[in-house]
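The data blocks that follow each hold one structure.
Next come two complexes built around subunit A: one with subunit B, the other with subunit C.
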Partner chain A sequence: MNGGGKIALYLGLAVAALLVPQVPFLQPYLIQFAFLWVMILFAMTWDVMGGQMGYNSFGNIVFFGVGMYATAVVQRDLYFTVEEYANVAGGEQAALTPAEYLTGLALGMGIGGMLAVLIAAVLGSGILGLRGHYFAICTLGLGIAAGELASGWDYIGAGSGLVTPLLPDALGERGPFFYYVFLVLAVITFLVLKRLYAGQFGLAINAIRDDEDKADALGLHATRYKTVAWCVSGFFLALAGGVFGNLVIFIDPTDVAFAGPTFGVWMVLMAILGGKGTLWGPVIGATVFHLTQEFFWTYLFGWQRVALGLLIVVVVVFFPLGIVGWLRERWPQRFGEMVDEDARRVQVSLEGER
Partner chain B sequence: MGNLEILIQAPIFSVQLLIDGLLVGSIFALAAYGMALLWGVMNIINISQGDYVILGGYVTLTLYNAGIHPLFGVPVAAVVLFFVGWAIYRVVIFRVVDRDLFISILATFGISILLQQLMDQIFGADIQSAESGLGTLFLFDDRVTVGQIKLVALAVVIVVSVSLVLFFKRSRMGQAIRATAQNARAARLMGINTDRVYAMTFAMNAAICGAAGALVVMTWVIQPFIGLAYTIRSFMIVVVAGLGNIAGVVAAALGLGAAEQFAAFLLGAEFQIGFVFGLLVVILLVRNMNLKRQRRVLK
Partner chain C sequence: MYRYLKSAFVALPSAALAMSLFGTAQAKVEGDTIVLGAALSFTGKYKTNGKHTKNGYELAVKRVNEMGGVKVGGKNYELKVVYYDDESTPARGAQLVERLIKQDGIQFMLGPYSSGLTKAMAPVTEKYKIPMVEGNGASRSLFNKGYKYLFAVLSTSEQYLAEAINLAAEQAKAAGKDPGTLKLALAVENDPFSQDIRAGVLDDAKKHGMKVVIDDKLPKELNDMTVTLTKVKALKPDVLVVSGHSKGAATAVRQMMEQKVEVPMFAITHCEAADVVGKFGPGADYTLCATQWAETMTYEDDYFGSASDYAKLFEKEYGYVPPYQAAESTASVLVWVDALQRASSFDTAKLRDALSATDMRTFYGNVKFDETGKNIAKPMVLRQIQGGQYKVVAPTKWASDKLVHPRPKWSER
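Our next item is the complex of A and B:
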């Protein structure tokens, strides 16, 4: 794609995304559209580890939950004492002025993001010295352990969950507000990741994916890069979690915050479906998945999670390149790769003989 | 930690915990042995390992509900799981065997979710167990109780392990499997059908897990989503013991079983699963520190 077309595409997407809340017949589905941005965030942050670096992380949901709880606790403790809040949560809802609400949200997201980076740095510097499979199984346990811990910790509401403050009326409806917040968050994440992948950092983590031993031998501080990548992934996921808690209002420790069987699995599937290790892959995968999900929930009556497992197996085994990866293999020129036609023809004929 | 005082004042309780832990640990050893087998022969980390255990438990439970004594479930679950494993290999695993670890981990992760959700749909999410009808032994003036079924389970574990060791030492297939583990390419050149060896290995692993699951459902409880804990336990045991070290696997499994019982008693039973996962993280961190120290020596 040439420069002009690219700019036009980006502009078109931006305008379309900004206009969605203005279209009358889409108004009732704005929360669904906000969810779409969350899904895209999930897939993009998973792809930093799983796609670009080749490290399966089955526990990224931890950061989502940490961010959500941190934000909710900050919002709670900033303007209320615990007893007040308990009374309010029991009967009428807590009322905040818009300024108070936004300050609490921003502060909470900041603290949640920091906390996620801290956890990723401490755990990562320990675990990421080991190779992929140790990391994969460790993160698998981490997600569950976090859920168990949150269900047993009274300060954050234990098993009965935590209620976040309601959006003040002055900030408008829930739909458009959270739509725009998540849109901004997703766009910022996309641009940051695009910048990171284009630079030295992207080359480094791609080198780790392709051959870690060689990268290490060439003087790359592999563990350091891996840890930073996990921090980046965790940071944006924690921010998303903070806002998500406010969107759903009620935080359940295992069904919303550390929802391994749903969000935790989806993020892996969406990234692979769209094409792991590509910039647009996770975005496209998440969009396709979220739009088709409506079908899954309605027509499968409880079997949708079985279908989900099946889908992962099918995509991983038969379609590991994903949508964008497949397109890229089909039309490499479109993705800015130089193609030597003669060499390609030779290669294709060789492959045919095998 | 209030229970610590009980342990100090009545040391007999620790004997009870130790016996329980060792007996449970012997079942872990089976699942872990299967995982080490797969890891060593096919270089696959099987995330769905624990789900085969639970599936074996459900096979036994189905027999039990049909009025058959659950002990018959051990061979039946092993046979059923053997074919399940064979089918899974033929459909999915053979496509990922020689690809990188990244793909095989994701594929077994998908299988794990598939099995979990299938069991949830078919058998329900309730915690269930099968009553063996055997009595209880009383030791040390009735202060330590041991369910006889746990002793039977230990006997089954010993029988299965000994026959596995004999199988690998003596039989043609066992030798072929060991040869493939050493060098798959050389084995192929010597005329070994490695594809069949892989299928056999995968099916045998599932069968071992199935037998372990039958023992779990008699001595403990099963639930569709608890399989992951067995995967983590197996992985932990193999990491501590090292590949191809049967004595190490047994020792680590017994140790893990005992540690878990003590942790559950001291911290409360609701933190037992949390303890397992926490221990995994600690073991991996310690391992990384050790490796780092060695690397520094090399420099």
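Our next item is the complex of A and C:
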């Protein structure tokens, strides 16, 4: 595909995404669409580590939860004392003006993002020396530990959870508001990742995935790149978490914030389903996963988890490379080009040299 | 050109699939059916109680429809409930409440199971001004927010086990002891409902000057509390209070029995929902159980007759004795029926006013809401398991049997 076609495609997608809230029959589904953007964010941020760099992290949910709690706490502490807020949260007396709400949200997300970067940097320098399964297992523990810590910390509500400020009426309905916020967040994340993958950073983390020892031997500061990759992933995840807390209203430490068994696993599944290590794979994987899940929830009531489990088995057995990987393998000329031209060129030229 | 037209497959699923996957929005009243909506926990950690809640709703719907339905504006309507599975997580609950309101057009909401889920949903129903009648969100933090559209038929959670503390104090006085010398042990799940129970118990313990010797937070999905019980063995408290939904109840009773823990008074919540008598037989004896409702109480109404008639009908239908979670769910539907008939309208503002003016008798107890939306016309009762039977022992007004205190030692049973 030429440059013009690509721009047309991106523009078309952008217009379609912007128009969704304007279509009358889609109006009632906006919250689900907002969740779709969250799912896409999950998959994209996970893929930085798991796909592009080959480090399967099961602990990314930590950043999501940290961002969520940080944002909610900032929103609370800007305008209330802890005791005061505990008595009014979720009700009319806790209503904020639009300016207060947006200030709290923006500031909270900023702090949440920075906190996540800090945590990723500190943890990363410690455990990114681990490789393969060891790293995966270590990160698995992180999510659980974070959930337990949050459950015991009274300042953030402990096991009783934390109610986030409600969206002021002046900012419109919940549906369009959260739809647009998550849309913007997802698009920014996508563009930043696209830019990063296209440059030296992308090549470096791909090199780490393909052969870390060789990359190291060639003078690449592997641990540094790995840590930066995790910081990038954690930063965007924390921003998503910050808004997500406001969307769900009630932050439960283990079921919403550090929800390893659901979101933490889904982000891996979605990236694998779509095709890990590709730019569009996580986006497509998350879309298919979310829609399938909604479908199962509606029509296979009570069996939705079983159906989802079967779907995962089918995907892993028949499409080990994910949707994009499978399509690319089948129609390399068509899909390699359309989905990610640069990555394909690199791949093709490498194969030519062999 | 056609190449990247084809690639529109990226964008299209969102619109096309969404349309075909989800039905179109239904009206709140379809023909001669009034549609209520509920998101319940059919899977996940609350699935046992989610089932009780659903059975409670369904039995009410069945009975009301059998008896001619609901009369609104001179016409008889049947009831129907639309359900979704919230998987016991607020993340899902928040999506579903929007879905019920925006996609299914539900204007009459029934509550979910658990305080956490209710906390996530109540601000949304409040925002859309959709009345919600619930029987399973007992946390008192739900009722200090000025919610105008939330109505709860149950007693709030701080009342659950407070009575046990008073009972312990009474027993101490009767034995010529100062209640202030009593030692109290608490092991409470780390969730909104159970933490509220803890707050209520601590308030009452403070009133009597009791000393808290153990105050443990238990994890969710509670399967083992050996650590707490070991401490109990060492510190020998006079009262042990445990709360952690059905799993907590089953774990506590099982491990008390297995580890032969001796404590004069042992009070828990969710005995009935966890079916501790069926599971552990004599091992469950002498446990004190907080209950919102008991089938031996003398309430009655036109739909179900007496409380024990309700219990019989429920058991015939579903094959087990109804725990109070089912009864309070049934009562929630009856409150809706009463409000719909009194308002004689489907206007949610009128219905809200009708709901807040509720003053009725049901098999579950009297229902009358205060301005915060909680039921103030019905007490909590405390039952003790004696010989495999639940006997009401407190408060005195409802007591059918005398409390066995202290619990007999395991070796003497």
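Simple rule for what comes next: the second predicted complex is superposed on the first by the 308 of 354 C-alpha atoms of A that agree within 3 Å, B and C clash if a C-alpha of one lies under 4 Å from a C-alpha of the other, contacts with A are read in each partner's own complex, and residues count from 1 in each chain.
Just so it is clear, a residue touches a chain if its C-beta (ideal position, glycine included) is under 8 Å from a C-beta of that chain, and two chains touch if they have at least 3 such contacts.
It should be emphasised that the depicted structure is a prediction, and the values quoted were computed from it without experimental measurement.
By the touch criterion stated above, A:G302 is placed in contact with subunit B and with subunit C alike. By the touch criterion defined above, A:L310 lies against subunit B but remains apart from subunit C after alignment on the C-alpha atoms of chain A. Once the two complexes are laid over each other on the shared chain, residue contacts for A:N56 go to subunit B alone; subunit C is not touched. Annotation for subunit A, partner touching more residues between subunit B and subunit C: C. In the superposed pair of complexes, A:A145 makes contact with subunit B only, with no contact to subunit C.
Looking at the shared chain after the overlay, A:Y134 reaches subunit B, while subunit C stays out of its contact range. In the superposed model, A:F33 makes contact with subunit C only, not with subunit B. In the overlay built on the shared chain, the residue A:V268 is in contact with subunit B alone; subunit C does not reach it.
Residues common to the contacts of subunit A with subunit B and with subunit C across the two structures: 148, 152, 302, 305. Contacts from subunit A toward subunit C in the complex involve residues 1, 5-6, 8-9, 12-13, 16-17, 20, 23, 25-33, 35-36, 86-94, 148, 151-152, 158-161, 163, 166, 174-175, 247-252, 254-256, 259, 262-263, 280, 283-284, 287-288, 291, 294-295, 297-298, 301-302, 304-305, 334, 337-339. Interface residues of subunit B facing subunit A in the complex, by the touch rule stated above, are 45, 47, 92, 95-96, 101-103, 105-107, 109-118, 120-121, 225, 228, 231-232, 235, 239, 270-271, 273-274, 276-278, 280-281, 284-285, 287-289, 291-292. For subunit A in complex with subunit B, the residues that touch the partner chain are 54, 56, 58, 123, 126-127, 129-130, 132-134, 136-138, 140-142, 144-145, 148-149, 152, 261, 265, 268, 272, 302-303, 305-306, 308-313, 316-318, 320. Only residues 1, 3-4, 6-8, 10-11, 13-15, 17-19, 21-25, 42-43, 83-85, 87-91, 94-95, 98-99, 102-103, 116, 119-120, 122-124, 127, 141, 144-147, 189-192, 194-196, 217, 219-220 of subunit C touch subunit A when the two sit together in their complex.
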